[in-house]
Amino acid sequence: MRLRTIVAAAFAALMACNSTARADEVIRVGLIDPMSGAFSVAGRLGEQHFRFAIEKANAGPLAGTGKRLDLTIYDNEVSPEKSLTMLRKAIDDGVHYIVQGNGSNVAFALSDAVAKHNKREPNRAVLYLNYAAVDPSLTNDKCNWWHFRFDADSDMKMHALTDYLVTQKDLHKVYVFNMDYSFGAAVERGAVSMVKDRRPDLQVVGVERIPMGKIKDFTPYIAKFQAAGADTIITGNWGPDLSLLVKAAADTGYKGRFLTYYLGSRDVVSEIGIAGKGAAIVGVFYDNIDQPLVRQWTTEFEKRYDNTFGSWTAITSMMMLAESIKKAGSSEPLPVSKAMSGLTWDSPLGPITMRGENHQMLQPMFVAALDTGMAHVFPDVPLGFRGIGRIEGKDTAMATTCQFPNAP
Amino acid sequence: MSAAPALLLDGVVKNFGLVHVLRDVNITVAAGERHAIIGPNGAGKSTLFHMITGRFPVSGGRISLHGRDITDMSSYDIYRLGVARSFQVTSLFNRLSVFENLRVGAMRNKGAGHAWWRLLDGYGPLRERAEEMLEMLGLTARRNVPAGLLAYADQRALEIGLAIVGGATTILLDEPTAGMSRHETERAVALIRRVSEGRTLVIVEHDMGVVFDLADRISVLDNGRVIASGTPADVRGDPAVRSAYLGAAAEVLT
Amino acid sequence: MDQLLLILLNGLVYGLLLFMLSSGLTLIVGMMGVLNFAHASFYMLGAYVAFSISTLMNFWVALIVAPLVVGALGALVEQYGLRAVHKHGHLAELLFTFGLAMIIGEVIQLIWGRWPVAYRVPESLDFPLFSIGGTAYPAYRMFMMGVSLFMFVVLYATLARTRLGLVVRAALTHPDMVAMLGHNVPRVFTMVFAGGCALAGLAGVIAGNAYQTDPGMALALGAIVFAVVVMGGLGSISGALIASLIIGLVQTVSIGLDMKLSTALGRIGLHVDGITALSDVWDISINRAAPVVPFLLLVIILAINPRGLAGSRSS
Amino acid sequence: MRTISHTLPWVIAVVLVLVAPHVFGSGFSISLLCRMAIAAVFALSFNMLMGQGGMMDFGHAVYLGLGGFLAMHVMRAADAGWWIPTPALPIVGAFGGVVAAGLGGLVVSRSTRTAFAMITMGLAEAIVALVLMLPRLFGGEEGINADRSGGPPIFGFDFGSPLEAYYVIAFWALAAAGLMFLFTRTPLGRLSNAVRDNAERVGFLGYNPGRVRYFVYMFSGLFAGLAGGLQAINDEIITSANIGSNAAGAVLLMTFIGGVGTFAGPVVGAVVVTLMQMALGTVTEAWQLYNGLIFIVMVLWAPGGISGIILAHAPLVRSGQARRLVPSYLTVLPGFVAALLGTIGLSENAYRLQSIRGGSPPGGSIFGIPSDPQTMTPWLVSLALTAVGLWLVARTAPRARAAWLEIAGGTQA
């Protein structure tokens, strides 16, 4: 796979040298994500989305500018250490734009390393475009100028979720259930404080964190939900910790509602099966959004890759990068970063803005629930997402503690 | 030397579960004495050595060394009081060279301790002692061969060497000549005689020629008890011993 | 009270499952001295093979056939791999199984993909059996318990009543003697290894659909199975049973305790809130600490007695 | 003569270390070199236990990690203004490692062999879980970070640039390797060999084997902690992943592939495995499968590791007899190459097939050779290559082995 990429890149470079007619400037984008091992599915899915997004960006904002984006892949196996080595390799390869999304631990390591590198070697600066790591710290206390986040952070998602909760008067008791690590803790903090602030009548009947990936049998927890009388479960769980939870609920006949962050993943839904109907997700995208361009892209992507179109932030990040390059009239990271900071782009889902104070994207957010009879459904299960709530981008902004330590 | 005996076993008992290996063993070994322990297979001779050197805890009775109680001490503490031993089944440091085996054997008593701040080669006396021992064992030519690759007789020689290289005052040898040829046995006996000069020696041996040649005194162990103890002549004439040693061994006794 | 009953039931099911994995491993470790790092991989293999068989035919065929397939693979591994490595010592054997675990993990992903597979509980068992305090108890859990107990009885009978069992028991306590008695030790080894793998496979068959069949399932259980085997004492079936049940129950029961450590210590008269430097520690609730418990137990038990709870020999 | 043969490898090592970053000057290469140096120190410290002391420590990464965390906290303090120069941080790491191992050793050093291995595993699992529960000290999943250029400059160097950091790391790596080499020649080092070979006998020579193990464990922890300090300098971040079982597995792999029997073996392993992890991963996604295969092949046919193979042939090369081996070795080569190519073909096609099923475009090539895994040809060709190759190896290997035995046996006698 990567070999083909390298060969293709070399070939493209060769072509660029030979034909004076198409001497486009190649701007290299490096995707640092897991490409082998247990998490490679996520990395591969990301790769497909970025190939797709770069194609759209090259045909869109960059058409006729004499510049085009080109993707190179770096395998980090979600290890922070290996990511740093791959960052070095990417810099050697002349990559100026790093994209990464899997693992907040990797995101912290990369954000920090990019900041140090840019300080030490300003003439070889790189930008770090984060498309999926959602720890709020990255755009608050640990923010830095060279990091841009395109996904909504976990607090923003929780905010959107509570916006939705406010409209659901039939829910009375929530149980906050998370995995025991930094992200789970962040979701838990956000859930408890925001529910209290915004729907004081809603009672938090339980708060719990479970060891990550260690629990095989979730029925005791379901029994606890039941004992506490919870009718709503808010959870940031993902992977087996989410699918096993929902499955155990179905096994034991528990009827409460699951509000989640990561239900959209194909493995989780196919594992849960039809029992997942009614469970909801909060995010910046779902594939049944009724908008012509989205419909067209979703179909095109599914046809080409036989995979679920879901990483919308790959599209927004590449489009915004292209727009910033156009606006700056340069492909150098510094002017591009200045152009990107505060930039607004009219996305198919409405205007989206890269907030200047903390480099956090403000964009429309959605709550969607698994339902039958949808146009785009999961492969093994006749369920697809149906939108049940939308929050406009401007309403998602939250107070930030970010003070860029290294703003140019 | 009228003080306490070098080694005193007072009513030593050992049970493995329900099996009584040693029932009531009383042995006195005077300082400077060469004392042999004989007895049929399974009489408990090796177990007795294990008791004395702290390999297994005793089930009852006391063991003392020069009047000092060593009954519940660990093997290394007993060694530090001057008791060294060899094993019936060869027990060497197989991947270390012959020379290194001997050097490890002498380390404790040449003051190297657990030192990590000094190179081993810096301990002159230690090296000299090991070289001297090599010479004595006739293993100089095999100096750098890993112990595990030695011929059997050489391994047995090194086994004895490991017991005596540290210069202990009381030496326990468990069948030192087992499996040796006549010639090798003679060499080994000469060696044992030489190194046990001025020391206390306790030896378990099946070769009665060796026993009667070396020992000042003999204790006969049978079925977990000492059935006779005395000079070779006393033991030779003891009727209980004769009845315990029916068959081949009895002929040697006569 | 209802919840306690539920927790106990679940702990029992989990503990028995652990036992199914660890009984095979403890025989392998006890008899052959092989720290088989690939044991949990055979468990995973069992689940995947059962998934394939149950899609082609049905679950009941898989229940019988999949453990046999896994056992046969185990026999091949022993015969053509481990035996050749044996002469290089235990470390080499351990490393061999280490490499084997890596390969099994990758090959499984190559054949069945990196996603979890949709290995489902058979419909005939997919119903709530009874209800405790409003929580339905799935019939399949009871089935799991039944299979585990049945397996335990069969294993026990095999060890107690058959000639093979006699040789195995003798080999556990007196490894040198059995060879001298003229038994074909290599063949016994092959059978024990294959049997252990088959047991692991069976555990995979019945757990893969109750929980989840994914490429990470071996990793999640690998360390804990070792903890059970060592805690119980190498080569001790009864020790493994006790340790499995302890770990199963401790892990499940501690889920129910969301008391903070400082509160718990306060109950027994230790007031630690003042020591703020360790406030991170005191704030840990007991249920969050559950995964550490088996390993802490292991360390404590081994520190007290390196032979484990009921070990017949230490190394 | 002996001094030359002992000092020459070190002189070569020093020269290599000094020259390497100028030959392989790219940022990636320097980063690789740093990783190799750190891995080498770590693997050497691991082999102090495994190869020299006969202790299989499944939790050795704990000491690297804890040393690294301590060094990182001190680096933060330096960023905040304390006068602690960056090059001194490895000492801090070593201190952290030795203290942690001093505590851990109390628990583990009484056990031997299997029980030792298992108790270290249990301890490590417990510590990893604890580390994740104490975010204030260890920063949770994201770990803690600092800036290595934040300390006081020494002779005008702030050690921010990768090359400056490389020289700090290389200096300490060489120093640590040298010290560990000297350790093998101290009384304690020799005692650890004796305990490995026959712990019980050591007890009858006046030493408490448990105590010997304890001291050696502490030293090993010290150097692991030093490696952690180096890692802190290199990555400027340290996370709980550094403590976990992956890191412990990697060091086992390195040490074994390099060879446990010689002092330099783990260094060779560290270099080879680091290259494999970082470089092989950029060429093929099947590298984890290859890792496992290499492991098994080594265990089966070269249990002495790379250095074991070298050691077996070095005397022959020196005496000029190696030439006589070449013909019989050459007869094995075609079969070996064929089997290797076949295995690679099978694996690469399998991975290609999987990614095609996962949505990648069909067709494709393996290292430039067109190969479509959805057709039969590449599979048949690979399978045939593997089968024929293995058959050839099986036929020719015994003769090569006999030739080796004959010649090597001749020189030894």
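By written order: A, B, C and D. Residues from 1 in each chain.
The definition used in the following text is that a residue touches a chain if its C-beta (ideal position, glycine included) is under 8 Å from a C-beta of that chain, and two chains touch if they have at least 3 such contacts.
Predicted model, so just to flag it, every value in this text is computed and none were measured.
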| item | value |
| --- | --- |
| Smallest count of steps, each to a touching chain, taking chain C to chain D | 1 |
| Other chains in touch with both chain A and chain B | D |
| Of all other chains, the one whose Cα centre sits farthest from chain B | A |
| Chain closest to the middle, measuring from C-alpha centroids that were averaged per chain | D |
| Cα-centroid distance, chain B relative to chain C, in whole angstrom | 47 |
| Centre-to-centre distance between chain D and chain B (centres being mean Cα positions), rounded to whole Å | 44 |
| Euclidean distance of C-alpha centroids - chain A vs chain D, Å | 36 |
| Multi-partner residues of chain B (each touching 2 or more other chains) | none |
| Junction residues of chain A, two or more chains touched | 40-41, 180, 211 |
| Multi-chain contact residues (two or more partners), chain D | 129, 133, 135, 286, 288, 358 |
| Contact pairs between chains, per stated definition | A-C, A-D, B-D, C-D |
| Chain A partner contacts - residues on chain D that touch it in the complex | 26-28, 30-32, 35, 129, 132-133, 135, 140-143, 145, 147, 149, 160-162, 231, 235-237, 239, 241-242, 246, 277-278, 281-288, 352, 355, 358-360, 364-365, 367-368 |
| Chain C to chain D touching residues, read off their complex | 29, 33, 35, 81, 84-85, 88, 90-92, 94-96, 98-103, 105-107, 109-110, 113, 223, 226-227, 230, 234, 279-281, 284, 288-289, 291-292, 295-296, 298-299, 302-303, 306-308, 314-315 |
| Chain A contact footprint on chain C (complex, rising order) | 3, 6-7, 10, 13-14, 114-116, 118, 120, 128, 131-138, 141, 207, 210-212, 214-216, 219-220, 252, 255-256, 258, 287-288, 290-291 |
| Complex contacts: residues of chain A adjacent to chain C | 38, 40-41, 180, 208-211, 213-217, 219-224, 226-227, 240, 243-244, 247, 251-254, 266-267, 270-271, 273, 380 |
| Footprint of chain B on chain D - complex, ascending | 182-183, 185-191, 193-194, 196-198, 200-208, 211-212, 215, 219 |
